[in-house]
Amino acid sequence: MKIGLLGFGKTGKAVANVILQNKNFQLQWVLKRSTLLENRNAAEFLGVDSEDSGLIVSSASMTVPDLLDKHPVDIIIDFSSDSGIHTYGHYAAERGIKIISAVSHYKEEELQLLQELAAQTVVFWSPNITLGVNYLLFAAKFLKKIAPDVDIVIVEEHFKEKDGISGTAAKIAEALDVEKSEINSVRAGGIVGKHEVVFGFPYQTVRLTHESISRDAFGNGVLFVAGNLTDKTSGLYNFEDILLPYFSTN
Amino acid sequence: MKIGLLGFGKTGKAVANVILQNKNFQLQWVLKRSTLLENRNAAEFLGVDSEDSGLIVSSASMTVPDLLDKHPVDIIIDFSSDSGIHTYGHYAAERGIKIISAVSHYKEEELQLLQELAAQTVVFWSPNITLGVNYLLFAAKFLKKIAPDVDIVIVEEHFKEKDGISGTAAKIAEALDVEKSEINSVRAGGIVGKHEVVFGFPYQTVRLTHESISRDAFGNGVLFVAGNLTDKTSGLYNFEDILLPYFSTN
Amino acid sequence: MKIGLLGFGKTGKAVANVILQNKNFQLQWVLKRSTLLENRNAAEFLGVDSEDSGLIVSSASMTVPDLLDKHPVDIIIDFSSDSGIHTYGHYAAERGIKIISAVSHYKEEELQLLQELAAQTVVFWSPNITLGVNYLLFAAKFLKKIAPDVDIVIVEEHFKEKDGISGTAAKIAEALDVEKSEINSVRAGGIVGKHEVVFGFPYQTVRLTHESISRDAFGNGVLFVAGNLTDKTSGLYNFEDILLPYFSTN
Amino acid sequence: MKIGLLGFGKTGKAVANVILQNKNFQLQWVLKRSTLLENRNAAEFLGVDSEDSGLIVSSASMTVPDLLDKHPVDIIIDFSSDSGIHTYGHYAAERGIKIISAVSHYKEEELQLLQELAAQTVVFWSPNITLGVNYLLFAAKFLKKIAPDVDIVIVEEHFKEKDGISGTAAKIAEALDVEKSEINSVRAGGIVGKHEVVFGFPYQTVRLTHESISRDAFGNGVLFVAGNLTDKTSGLYNFEDILLPYFSTN
């Protein structure tokens, strides 16, 4: 499967790194705003041994339609910003290219655009695209369904400088109908990232815990999603849509 | 719902304790082998404030058919031993009384008897009847389905004297196709009981953890099962059968 | 060593239970306010097999001087309330009986009385008398000395109904000069009690964790202290005084 | 304080990275065997903003005496191999340069050499030079002294490919007189490194846990040691010698 990547910040690089090392996916190009690494090769830049072309392209020097025609791909993966989708969305949809977006926040305008594009192609969006966090969310919601009266508390740990409640913790709390006051944010040293959901029963406790090791987890999440979109028809999908079918198959 | 209980050891007492405190269930009687507490009242014996009759009956002084006719129940809960089912199974099935067995091990003979009885009434069997452990098992199997290549390791902790691998850990390992060598048994001091399933991904770790606080958790598990059997037709059920329907309802 | 115990509430009973099972200590009597269990035997009441006399005495029927003369002891252990010390303090000190108090809070008045009594006998006071919590406090203070700039966060977990920050967490925070805002209180289900001190370094994390299993831990703490007071001369001691000498001996 | 560094593998680079970012220490040079990065600058190579000279020198192109005379340092930090000490030991000792070695294993021959050099200068050796692991070791030994009969179990977790018991776990076990059979090695995914010592008491559990985030922790350990060797006289020191004085000061 041929992949084009938007965004080459810390997370974009980690995602490129993972794709380059996977033989089932070919990183055709990375599209950046700046011309800084223009025409260099992502694999060579990241020090990865890979045969993927991985061309680094600047949006200043080539238009998106040109890029999609000269270097065709099956999927576009978007780790840029909320404005990214406007630059390539329609061109991709027209060409039947699938879109996987991991942009953190979209405004109403972009959400509507996603819906539009989903009429023509497969569109997937998840603000946190790691398998672990999405599984956690899914499994936690399920336990809450079984035991609606259980006490639920969230503990999340991150490095000292991280401000406010983590976006993931907020999302878990929302999904479980847990008050913000029941989220405990530990900020200490260089902790990469840990989320724990504590289910307190009268005579037993269940804990679901996710620990991040590195941003490369986003790369694996993207490939998991890509692999699960192959047989899908046009439409807008989220991570729960990807996980649910695993239940029906025994 | 009227309940009869077989077994009044440590766990049986804890289960009786929980039933006595729940207003939706009435503990009609406890059937014991010995005549030691004959005709005493379970609530008074356990120091629980309850209006349930909770008569303690010895199998030496009353036959099972007599007991079932004089003190009718809707459900029999069995925390006795593998031989218990032979003493009451047919009498219960004939009368349409549901059977919930939490006996740890059954031999082939008893498993066949359960099948037979299931033609006439609702029969449920689970060797570990806590909600937490069964949820853990279910959620772990699901994650393994999603990520079949993930590394899975089990760590279980119990009090120093506990011999061998815990039955629950062995069951989890079997369900996840994990080698015995991947079960780590920590034995130290008075740890009540903890089971952790570690899922190691390349860039993230997911942990599912169950901690026991007291045996009363078995009581809550029994009542959860009893509540979920009300609309079931004759047949043999296990804990997974009880949990699955929670998925379909959104 | 002969022991007299003040207080026979939940914790007092747990402490009596531990003393009765230890052959190096004899529980001579338990002094209660009410006459409810008057003249019964603590061992028999608690269902413990022990040869200790363990007489349950009501303060209504015998004066403290009479009790100390008729049933002499080496140590008085006080799990009553802040007023307890006034009823027996001077009588004990005059007779050279050691005093171990585990009363949670003393007012200025009692603290002065302890000082006074300490001129005549060995007086020990610790508001939390478990070995584990006191070790945790000691070890945490030591790490803070070594690494004064490390980020410190406290996470404590207790059953849902527990109000406010736990006394132990507050004490740890005070000892480590940690702001109240850095204490996270998790309240869920029936969690017995867990205290974790997280030390966040830039590239590593150290955690010190104490988990309570049952109140009997107080009994073991008392006996540990009693054993370490045998060679002490008159004076007022706390848990740190007991732990420090273990460093000097190699 | 001027520093010279031996070894520029993964750990050596991480250590250089930390030194370059600390204003109290100047990385004068890095001595490597190969000529690969000859005459480049460590700061520039690692992408760190620093004014330290950080010259990368090959042992093929300059002798150690020449290096020490042209680019004098106060401390040599050795992350090379067991043979490294032979190449610079005497030259450093003669010049009164302090030696901090973090080499994992030394044979009898090198241990004797360290003793010899310690007659002339300050020599420090610790096979694991992180503050966290050494604190853990120290605190664990102390708890074992206080409670010699407590059950001790070690659980260590590392990435799937790590063979055998971790060296740190083996060292902890040796220090605490814990059998190898009481070390549980969890190998799963990409876990960076976690060591937990579980102290099981009858009614409570104490856990000391160290989690590694990155190799940079070695750099911080080195600087901690360096800072604590300033006022030391000639002699051979280990990490415990560095930690002990923190007790006496209140």
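Per-chain residue numbering starts at 1, and chain names A, B, C and D are given in the order in which the chains are listed.
We adopt the following convention: contacts are C-beta pairs under 8 Å (C-beta built on N, C-alpha and C of every residue); 3 or more make two chains touch, one makes a residue touch a chain.
These numbers come from a predicted model, not from an experiment.
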Number of hops, chain B to chain D, where each hop joins two touching chains:
1
Where chain B and chain C touch, do the two copies share over half of their residue numbers, giving same, or under half, giving different?
same
Roughly how far is chain A from chain C, centre to centre by C-alpha average, rounded to an integer in Å?
52
Report, in whole Å, the distance between the mean C-alpha point of chain A and the mean C-alpha point of chain B.
40
If I count partner chains per residue in chain D, which residues reach a count of at least 2?
189-191, 199, 201-205, 213-214
Graph of touching chains, which shape: line, ring, star, complete, other?
complete
Chain C - residues contacting chain B, complex
189-192, 213-214
Quick one: in the complex, what on chain D touches chain B?
150-153, 155, 157, 159-160, 184-191, 198-205
Show which residues of chain B lie in contact with chain A when the two form their complex.
130-132, 135-136, 139, 142-143, 145-147, 199, 201-217, 219-220, 224, 243, 246-247, 249
